[in-house]
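Should a chain be cited, it is by its letter among A, B, C and D, assigned in written order, with residues numbered from 1 in that chain.
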């Protein structure tokens, strides 16, 4: 029998053109014992729906498994994105009105962190600092949400979610690639955590901000950690981690795969002390890592129709074929097809989901200069 | 060494908003010996690109294999549809301006056929009749193309292609389903032809017109045949056949699969006397058929996120699961998932390509009351 | 003080990809005295929003003005269409998944009407016949809505609305054109009604069905009337009228214009005995009419960028310019611009809303062979 | 008789999914006398087509009017954007595949400018510096265009145009707003130029880079100027100016308005010595200016249907109504409409082009804290 308290709530994140509220379900489990606060959301990109299945499986488990601390789960966190169709597919990666990526409007202001760090008293405990820092950031976000001139839809949506997420010690943002193998974004300072998930491909990211939720979580904490460490002359860890998990391809759900990914997340949470008397362990798999600068996009030079020859997750040597392009105007001569070769040794992680490409299309995203995570660590 | 003459030409089918011509390549092979005229086009639906690969393989073969008669191949026959992107996918099934299906604007007027049949002289040979009928139809199409008030883009495109296609004795229109297994539409009067392709699923269609190229080809010839047979009191065959081949899933090309489908088409063409001293034979596979009325669309009653449990081409018994729907608002209770069951014994042929569906979505198209083509014949 | 009873209710017409109900508000006024039943809906095409403002003004009036009978008002009757954006505009004319026009899925089966007419007893009163016919049609619609294999979204939406609309004696469907002047579609048998609205352009439509709500209303009643008239040897009128009002341009609302159109509708309703002691009269304006066959679409032959020279509602003589097309590739020579001339005397009623056109674009819809409605009648 | 040399050329900027080149026309006039180099492009945002008409009128003039120096005119410079339709409108503001704004991928690297400035010799003339700087930047752009991993489509397109534009002393980028009055973006250091155009609303922009062509032009020159001035201890002007002109509403062309804007540009060019013996003078109109920080976006807090009450270009006092929102669910009560008021004194410059808005929509862009340009200067 679970000692967890459960509650369900809804957060209004937008209003549609009929003037109706668009809301996001919040599932919350609170353990009888203290422990970390966890925040997990899925589908900020509307076509990346598999995270909803992962959350379904997590909820099935959390209805039985006693936890320490709190876990908030937010499936389908972008009801606008999920519900914009263009043809049979979901136009869910950006706001269809203005092209704004739904995962680029979170808040981070390094100057504000620096000012906060400067004001930290010499005797303040880490617990006090963390609580005050959370208040500080949430006040900043509130001000933005309530500004006279308003905010764009994507940014409003992001900030309302961030209000919830910034309370957490652990933030997990569930995504999918176009046609993709499993991979995870991990901040460099939390590299050790990468081995706690069952995810074979790891991207280590520096302390820079491009607007995404994981960055908006770890950038302020990381920066604060660094400032406090410098100020106090010792290595200070504030114990907050944030990850973006990419669990396969968009536009697809699969319940069996979802159970596997839920177990992977439970292994991590167990290692972080979120579960009581649980037995979830990471699998003994090889994990390959790259630094973000070595995670490369290969763009097409030509337009045409493409067969993707290299399977995501496979290892491709320099000069081996990645894709074959058909040129419909030259079918009777040698220019009928064109082969695109790997510019160096790569592991393709994802590829474009349509055979029809213009020049300048993101054909593949690839690991280059990758290394075994275990050996590196 | 091939005795075929080869030529390549371009047909202007539209002008874009920059005022530029959009054109379609025409590849033509003419044999040294007489024989049927063949017309093969692909990608009238812009996202259904695999037919272009099939035409590529056919052209490779036809550069060596001597033919009897003529073969015209028209890949990427809808350059508008192929080049409208919405998100990463191709919005190629209908004109993005007005929703018109690109495969519904061909010409057929039963009254004109009846009037023509009435005017056929008692001594006219079938060859004469066919030639005069072709002229008649092409004149009708010309008039429409040149009308004072003009025509919609899809219809213009269709009629310009039909001008070419109506010259042929054999018309093959290469399509793909959303996520689909191989299937073919065959007019009932040409049922025997279905066994000449390597396609396991056959839809037998009656003499009714909904605007597609295959119908626009066989409807007038079939109707004329029937009228002449009645008039002359004998069964008359005018020897024209038309097929829509659906060769797997849209948004994907695959060169190996394309070679297989090219061989399948060559087997049919060989049986029809289009190839000289060739050895292409249909495979000995089971072929399952339905009448069009038994090719059913299963629409969703609910909205949600769907796992497609039934693989296209598999046999599903009544009451077995086809799909499982996730309901993001009910994840903690039994309404979290909903299973959609087969309403009768079915072979799902294709399913919707996105996990995200509204109510009223074409979830599956299914064979019901199917039968073995060989046993029926 | 109004004696009208008021109620507000919601009709679920669809579920979105989050599994949530999409609903339509139903505003109902019931008079103290008997009288006709009226059904008015707006925005079945999602970008045609001005009808919602007209309904707003009607509701303001009906809160004070006593009525006879009942009036049901259904604004924003297609919440799917209104909420699909593609760029800044609303993609509301067709289902973005499959291109289905949202106003083509209503039910009409002439065979069913004929069978019903055959079963009408010699002594049945018109009131009895009307009641039984309504039951019959609504049962037919129910069967379709509840069929095992389901229905497409647009058709589901249409049939759910038609269930409500078929109870009414008067059905008004509020639309807008692209860039448009006021016009109204009136069934030929109800031509006299055209003079009761303040709408200067009238299209008289025959008893043929293309799927729209007005047709789905008057076609069965008209056919039944004709059958009963033949059966009983006398002219029988069942007193049901249906209209499509097009009130200016899509993507725009204007409260002042909406008040004018509301007054126009109130004038008609007053003439039909729907209002108690009211003083609404049609304006004394010229009304120009055409038969549907003379309401012509002018398609572009070329692609390019267009200035619309002819204002909707103006009178253009044969040979006068309608539009001027810029050709960006020929700016230094006489082909830089091209003028499109009226092929005969026309009144342009609406034009395409974008300057950028492909070949085959519906540039203008025009009255030709138009006549003064008063003189004709 | 004009002494200008004329040439027309084409630049390939992309390949479409059919593998075909998409190209941009280059119109070039070269005067008999020396003078500034001018580069004018239009329609980088595909729906903003009026600039093409302005270029048409400029070309008509330049065929007769002798110039000094060179003028390159590039209409319809984004053939991808102009040709993506979604519904009747043009989805031309961003790449439909990934949401990238077509006007954000130009090149500017402040570190490169600083390094260049450091290497400038003490004796180098401004002419030599300018020539070497152009070579330097164009080499940088070349490297990016030819990188192994490629570039995204929008960036490729931008850089190919920038290769041409960076040769010029005067760069004019012709845009339109959604529903908009005339306005112009002017770099603060070139403020005096604002009075040379017939444009009543002026936005003064600082030396910061967000990716647009005007910024990509003036930022490097401005930064270089500042560095050289510091280095040489004197105010150095390199004489390069760049402007973004917004000439009314998107999706519309108007030849008369285009002639007015062409004349406005000719007035500016005449003042800069580009025309020989010409008589073009700016009109004596009031010009109102703001600093970029005071050019504010007003976002909607609610969703609904909007009447835009404030006309672009009008002066609205704090608290006066800007827009009225209809709420279809509350038509019978006081919440039926909601009025959005000006948060301070504003001149609305443009508003959203559709009546249907979600929460977080850019309703208006407004001048606040505006001032008379003449008085300020």
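Following the convention adopted for this analysis, a residue touches a chain if its C-beta (ideal position, glycine included) is under 8 Å from a C-beta of that chain, and two chains touch if they have at least 3 such contacts.
Just so we're clear, the structure is a prediction, and the values are computed from it rather than from any experiment.
Note: the chain lying farthest from subunit C is A, by mean C-alpha position.
More contacting C-beta pairs link the chains of A-D than the other of the two pairs A-D and B-D. Rounded to whole angstrom, the centroid-to-centroid distance between subunit C and subunit D, based on C-alpha atoms, equals 42 Å. Taking the mean of the C-alpha atoms as each chain's centre, subunit A and subunit D sit 36 Å apart.
If you average the CA atoms of subunit B and of subunit D, the two centres end up 48 Å from each other.
In subunit D, the residues that touch at least two other chains are 16-18, 20, 76, 82-83, 85-88, 90-91, 93, 97-98, 305, 326, 328-329, 356, 358. Across the complex, subunit D meets subunit A through its residues 14-20, 80, 86, 93-95, 97-101, 148-157, 296-305, 325-330, 343, 356-362. Put simply, subunit A touches subunit C in their complex at residues 16-18, 20, 76, 79, 82-88, 90-91, 96-98. Those residues of subunit A that touch subunit B in the shared complex are 6, 8, 25, 27, 46-47, 49, 52-53, 55-56, 59, 63, 73, 75-76, 82-83, 85-93, 178, 251-255, 305-307, 324, 326, 328-329, 331-332, 336-337, 352-356, 358.
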